[in-house]
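Pasting the structures in now, so scroll down.
Two complexes, one shared chain (chain A), two partners (chain B, chain C).
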Partner chain A sequence: MGKMERKFSVVGKGAHVKDAREKVTGSLKYAVDMKLQNMAYGKILRCPHPHAKIAKIDTSKAEALPGVLGVLTHEDVPQNDWESAWFNYRGKVLDGIGRFVGDDMAAVAAQTEQIAERALELIEVEYEILPHVLDMEEARKGDAPQIRCEGNERDPYEVKWGDVAKGESEADVTVECDISYESQQYAPLGRNACLAEWMGDKVTLWTSSQTPSELRDGVHEALGIPLSKIRVMALPCGSSFGQWWSNNFMIVTVLLAKKIRQAVKIELSNEECMGTVKRRHLERTRGKMGCTRDGEITVAEIDHIIDNGGYGFKDDVGFFCVDMWGKARNGHYAVHAINTNLLTAGCMRGVGDCTLGASVERLADRLAEKVGMDPVDFRIKNQIVAGDELRMQHSRDNMKGDRDAYIASIPPHLRKDWPELFHLSAGGTRAILEKGAEAFRWKQRWRGWATPNRIDGPKRHGVGVGTGAHVCGVEFEGSSSSMVRINPDGSAKVHCAVGRQGQGSETTQSQVAAEELGLSLDQIEIETGDTDSCPWNHGSLASSTMYRTGWATRAAANDARRQLLEIASREFFDGVDIDELEITDGEVHPKGEPRSNRRFTFAQVLNELRSETLGQTSSITGRPAVPMPPSTTFARQFGAQFAEVEVDIETGQIKLLDFVAVQDSGTVVNPQVLKNQVIGGAICGAGFAIYEHLVFDEETGAIKNANLLDYKLLRCADFPHQAQVLFEEAPDPVGPFGARGAGESPIAAGISAVAQAVHNATGVWVDMPMTPERVIRALAQAH
Partner chain B sequence: MATLKVNNRALEVDSRPDRTLADVLRNDLGLIGVRVSCSEGECGSCTVLVDGEPHTSCLMLVNQAEGHEITTIEGIGTTDDLHPIQQAFVEEQGFQCAFCTPGFILSAKAFLAENPNPTADEAAVAMSGNICRCGAYPYIVRSVLNAAEKLRNEAGTQAAE
Partner chain C sequence: MKSQMGDRAKFWAGGTDMVLLWQRGEIDLDHCIDLRHLGELDYISVEDDSISIGAMCSLSALERSADEHHLLATLSEITKLMCTPQTRTLATVGGNMCNASPAADLSPAFVAMDAEAIILGDAGERRVSMFEFFEGVNKTALRGNELLKEISIPLPVAGNIAAGYRRIDRTVVDIALVNASSALTVDASGKITKATVALGAVAPVIVRSEVAAVPLVGRSLDALDDAALAASGEAAAGDAKPISDVRASADYRRDMVKVMVRRSLADCIEQLKG
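Our next item is the complex of A and B:
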């Protein structure tokens, strides 16, 4: 694996995140902290039925309550469909139909939150109950109640490669599986709120969002007003992980403010955050995998169903989970996405990885066990490495037609930098598995399949390994842009609408700009939330922030740098070619001579611009000259994790004892930011594996544990604090300074490592989440 | 109205019996570092110190706080003058989104007052009353150990003087 020449001054340095001081002093403002002088308080009326239509709604008693400023119903709302990013929501803001228990039906604005709550009880609604369906397999049937006008099922996402029949005949060993996981909840710490104010015909929204531009687009679609009349001011999010993009309650707030002609704030309660917004998909995976006696996978056949709940519209979850097993010679997979009358499902961190990916890992583990092969060796033998072909549906809309059409759509000057299309750009799991196995001392600790490495009374210890992959830069509805301005004082400001979900992208984007410009990190300011000052951006999602927006930020900084050097050349260096100039520590100097007497600060250069062009702005604005290629799905991030667990076979309790996580995200831009992402992912994955799941009422689908008391999360002492994080940095040919993405692969690897460790400790495969009850049941069944 | 002692100041607050301490601190006194998430005492993000002891202010009525010394995150340090525990959390990056961070820091302050030289295991258990959904736990433990060292050094310097 080639090492890129490393000569970075800001990239790769463990700088403290830019907002660290605000974070530890409690002065960082989230949307819940925003207030306006003339602000009213809003509350949303929620549907008590899984599927029902408003036959009659009488708001007169609510409106008569002193302190009530107005009521918004579906009759006030433009009947336009709007879409959230990645089809996490598709529907109308309010259309008089409730599609799950808790759905938005109407809203009240009042002087105080308490009055608004009382007014909700005074709204008289007569519902026409519609037939409902909660089970996704039932919802696929022809006579099932239809939840959406488009029907309950999306077009399948299907890919075939090689010759499945040949692959089956070549297999010496075959296993089959039928796996279902429960639904994980984002379970955000921190609520969200939206504050909307109209000034004339322009509305401003303050809300915590990872996707400010997509939210502005959503308001535009829902209300039919020009984009220029909408300003989103995205504030930092409490733990979001995909929850706070553009959410329907935000647009309800906009319409409620319009109706009462006054600013309104709607703050969701914890129960509303957990029970009315979205959650992870439920899934069922039926699969078959076969290999030769020496462990080469000859065939993989996977059929995967997910539920979208009421308003999700996704169809393509997780193609990268299957192509991770890149050496499988023949195969077929299909993803079917179905709507049900359950809470909307959407992209939670590791979407696909924690449903399809974790299922394929388990399928592969069972095959490795049957053929008697070490799971590390089995992965090394069968998983993808740079250059391997990717199994994507080539004709997807976002792939712009077939392969030839796709190539034609890439600007010619970029094609030369591009790895072979439809092949993995860089990295793979081999290096991270080897590095992790050594650090964990895997060969010494692993005693064979279904064999504990320690027995202590009823306590069995087991070790496990898991791998995860995720795309880094799939495009959705546009190419993310960034803008970099060099100010007259020599500092610079980045404008990129990626929001702030807490992972540190405001810092890492600033590091990219600083590196390209030759400035220090503290000379960079950044705006990530204001759609009036930032160019359109996909947002901080799909692990694409570093890869796509970082690419754009670097290109914008490069453009600003070029303009600065042109002025410097003209004014101070006798018009030399700008390639003869360099920047070191914020000073322009002749190439290779950082100590030259002829060196000039950015402020000096910009001062020349000011005196020459009186009346013109004396700053420089850089932007990417061309967009990034239309669909850069060829880069992946990889995680390999190793865990040791203790299982008490009398109580069924699982303890996590040790963890080693190795991450390949290409060049590491900020080590501590990346470590936090990796460990955070591992913990969320471990939570998925042993605790976390929503409980739906069997009759109505209502969520019974939409609160942090009944929905259990891992706490500090539940995860080994000595957990190690190691990096493997295979540079990407296109990502900024060789960086790729990070946020999502670690969760998938954690799930599989814990699941396999429990199997090795107990000898049984336990369904996830592996609660004590399920562990005991699985053990009882085995005996 | 009642007088509440918050961050070493006596302040007049509306003390209607249905008001929680968290509500009054956030909404009347503007102490937004008191983060409210679950409202049922489970997550610990609204933790404040009452006479030095950590309490979830979402479950405490403002009347119950009368006559006691209340300390919020705003009372222990500012962006240009961080408390050693805050400095330790910055250095170890014991957070991501940081919604939970003020609660963790105040829990850590109470814990370190009782146990100035904890082991990592003790710190992990002590920090288990608060939830960090981003999962910064190993770095929170390191932050607490780093803070313990800073505080011990500070105490040592003071004793030497």
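Our next item is the complex of A and C:
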């Protein structure tokens, strides 16, 4: 840290998030708070069956109800497929088929919410019941009811290296697993709404979204209208974790507004937020892992299935554990994605890392136990460090062709600063494991595998360690861009469509711009939601905001800075090379002389231009000159977490007693923001490990606990208040000021730490979530 | 007022359960009769032979009464498990009883303590044991215009009484998946003269397990070993009629009755032995 503090003036400094005051005082406006003049209220008719087709729909009674402005059915909807980011939804907006209980079937607009609700009851639908399938194993069978035209299952997604048979023969010990995971719900604390208003052939949407550009793309695909006629104004999300990207109800709102020729707002209830949008996948891992007597993994064979529900289309879930455990000599991982008649599943924070990753950690832990190795040492021995080759090379396929040919085809000016592709550019788990083990006093507290470190009547204490990794953003759907504008008064504004899901991106992006421009943080404003002013951006997903958007923001700020210095040089510094100039605290001055008398504010520089050079631009717009390198091929973030738990072996209740979370996200741009990210991830991971899961009706798949009474989220008081967060800053060669991604490795690491701690306390491995009842059942089975 | 408005009106105490029912569309009313200005129903008093808790006493007031009597200390600990500190300032003891949730935390404790409900009606007051006060989920012994006035907990004339309460919950803010309360009365020689075990969330009403008292009554406090407590728990589990739902399975609930009863009895013994 010391080195960094001297080097940077804004980056690395703890700063409150820019919207803290608005949030605390309740003045920040979310989509549910928005109103438009002369606005109608919309409600969605939901499918009562797991799989059914509308045979007949009669809306006349609903339309006749006073106050009803119109009903939208599938007959009004263009039959185009649209896709959400990362295949989190693929399908039509409405097509007259319900694919899960709660699916969108039609919508009503009325003068009040109450009238709209009553009108829903007056829509008469005759359903043709279709055969349904809820279980993903059943859905794979040849005679299973088909949910999608593409079939329930497509080709698996695979990673292979070495020779698996050889790896098996080299193994002295092997372990196998068959682990199932329940479905976690994003469980947002804030609800969402969408407002849409047409003016002529242009539409504007206001909704809480992390992916404004992707939402605009979705409306474009669904309606078949030009992108230039769609404006998304993404508002902050209370919390999202992947839920509020581009969601079908938003496009329903757009079409409903079009039909009634009036602005419409559809506001989802808590139950709709939890039961009709999306969720984490149900997953199952069958796997095998082997190692030598001294703990070198020789083989990893994983067959993993995930259910996508009705509309999910994702199959490349979480391979980042494959890279993390990449020292394994041979491996074969296959992921099969299957559609079922359950609520759509999509990317939730740490997608795959919380499940597939936890299975790999479990296999590795059981190997370590068999060969009698400390789990920290076992991880250090088998996990990658900077410079190692990455196992996940699928980007190569996205690059269309041979890897070497791809690299050779890149123009030198683009390739100049790229690290070696398909090798880890920076960081790894070794340093964070060592730092965490010291802070946690792991060597003193760990008493050996399946050995409690304290017994107090029926209460057993155990410690555990877990690791997690994730990509730092993805480039496959386009390169995230950013724009920095310097106004004539010297103020600067960043335009980057990353949305605001509460993780502090509006603050950290501003810090990046401030650092590059030589301004203070409060001189930077930022727009994160308006697609009319922001260039295309992937949004806040795949842990990309700091890494990929931050890179673009820095490049844009650098471009703006260059333009500013060129003007300053010409107007004030006799045309010197701009490298001879510097900016400190918002003033341009000769290099190394921040107190020089010849120093000029941004406003002076720009006003000079404005007053004397008519016809010239008076504000500066900076943008990245080239796209960012394909970072999936080299950048990863890592988390290592240590936990102590207390397990009551008579009741199965688990208490979290202590937590140390160490994070390697490269340079820390804002320690306060990163600490929140890490602790938030750890709590969410611990919640997944011990309580969180949706309960599906066995017959219909309807969700039985779409409420916060029976969907148990950990509260702050359930998490050890003395939890420590530590950083290890291995600077990245490409990321802005050496920063990398952060949001998703911390959730994965905590899950495995808690699972291992429970094992060490009780001697049994419990499938997640480790509810009291499951702990008791696992203990009973063991005896 | 209630007699004028009839079934289209309900009493409003703290409103913390009523608001939820209203939001979920589970009640359909024309009027709510606000009791919050009835200061005379907001009291806790300790006499030689009983403890009286006014129906409008808030949960947070009950929580603060721990120093006044050791049974109130037990009740105080129970209230700390209920909802959140903010909600406890609004929620009332009477409202919690009249909502008649089988999972309510205070209900089994009142039943174990042999408490009585004092009910005000047009014809004056009547008394009903708290065991009989609960008639089903959200159903009580209140009839017509009647109003719960007070919970009265009898105290033994000689000897001592202690009560314990245990529950299974998940996160810090949760309702009980299963709970149990027990009360032991001992005479001056330390012999157990009365034992009451009450179970929550294992039936539509609070279950009072008579058989659970058998291994305990008549024995000396010092002679109560783990086996006796376990026997009581086993017996109680036989009286439980739990269901499986999204929160827990019937089997788990029944098994936990054993543990909760045993632990709540151990709490009583610890208190009685000082």
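By our rule, the second predicted complex is superposed on the first by the 751 of 783 C-alpha atoms of A that agree within 3 Å, B and C clash if a C-alpha of one lies under 4 Å from a C-alpha of the other, contacts with A are read in each partner's own complex, and residues count from 1 in each chain.
Please note the rule applied: contacts are C-beta pairs under 8 Å (C-beta built on N, C-alpha and C of every residue); 3 or more make two chains touch, one makes a residue touch a chain.
Nothing here was measured: the structure is a model prediction, and the numbers come from that model.
Q: Could you look at A:Q672 and tell me whether it touches chain B, chain C, both or neither (first, second, both, neither)?
A: Touch partner of A:Q672: chain B, not chain C.
Q: For A:P236, select first, second, both or neither according to whether it touches chain B, chain C, the two together, or no partner.
A: Touch partner of A:P236: chain B, not chain C.
Q: Please work out whether A:A187 is in contact with chain B alone, chain C alone, both, or neither, and reply first, second, both or neither.
A: The first partner, chain B, only.
Q: Tell me which of chain B and chain C touches more residues of chain A.
A: Comparing touch counts on chain A for chain B and chain C gives B.
Q: Looking at the overlay, what does A:Q444 touch: chain B (first), chain C (second), both, or neither?
A: neither
Q: Touching A:H16, do we find chain B (first), chain C (second), both, or neither?
A: first
Q: State whether A:L713 touches chain B only (first), chain C only (second), both chains, or neither.
A: both
Q: Thinking of the overlay built on chain A, is A:Q781 touched by chain B (first), by chain C (second), by both, or by neither?
A: After superposing on A, A:Q781 lies clear of both chain B and chain C.
Q: Have a look at where A:E773 lands relative to chain B and chain C in the superposition and call it first, second, both or neither.
A: In the superposition, A:E773 touches chain C alone.
Q: Give me the intersection of chain A's contacts with chain B and its contacts with chain C, in residue numbers.
A: Common interface on chain A, chain B vs chain C: 709, 713-715, 717-718.
Q: If you look only at chain A, which of its residues touch chain B in the complex?
A: The touching residues are 16-17, 19-30, 32-33, 187-191, 236-241, 269-270, 501-504, 672-673, 675-677, 679-684, 707-709, 713-723.
Q: Which stretch or stretches of chain A touch chain C in the complex?
A: That would be residues 650-651, 653, 691, 695, 704-705, 709-710, 712-715, 717-718, 771-773, 776 of chain A.
Q: Which residues of chain C touch chain A once you look at their complex with the stated criterion?
A: Chain C reaches chain A through residues 168, 170-175, 177, 246-249, 252, 255-256, 259.
Q: Looking at the complex, which residues from chain B come into contact with chain A?
A: Residues 31-40, 42-43, 45, 72-74, 77-79, 82, 86-87, 89-91, 93, 95-102, 105, 120-121, 123-125, 127-128, 130-142.
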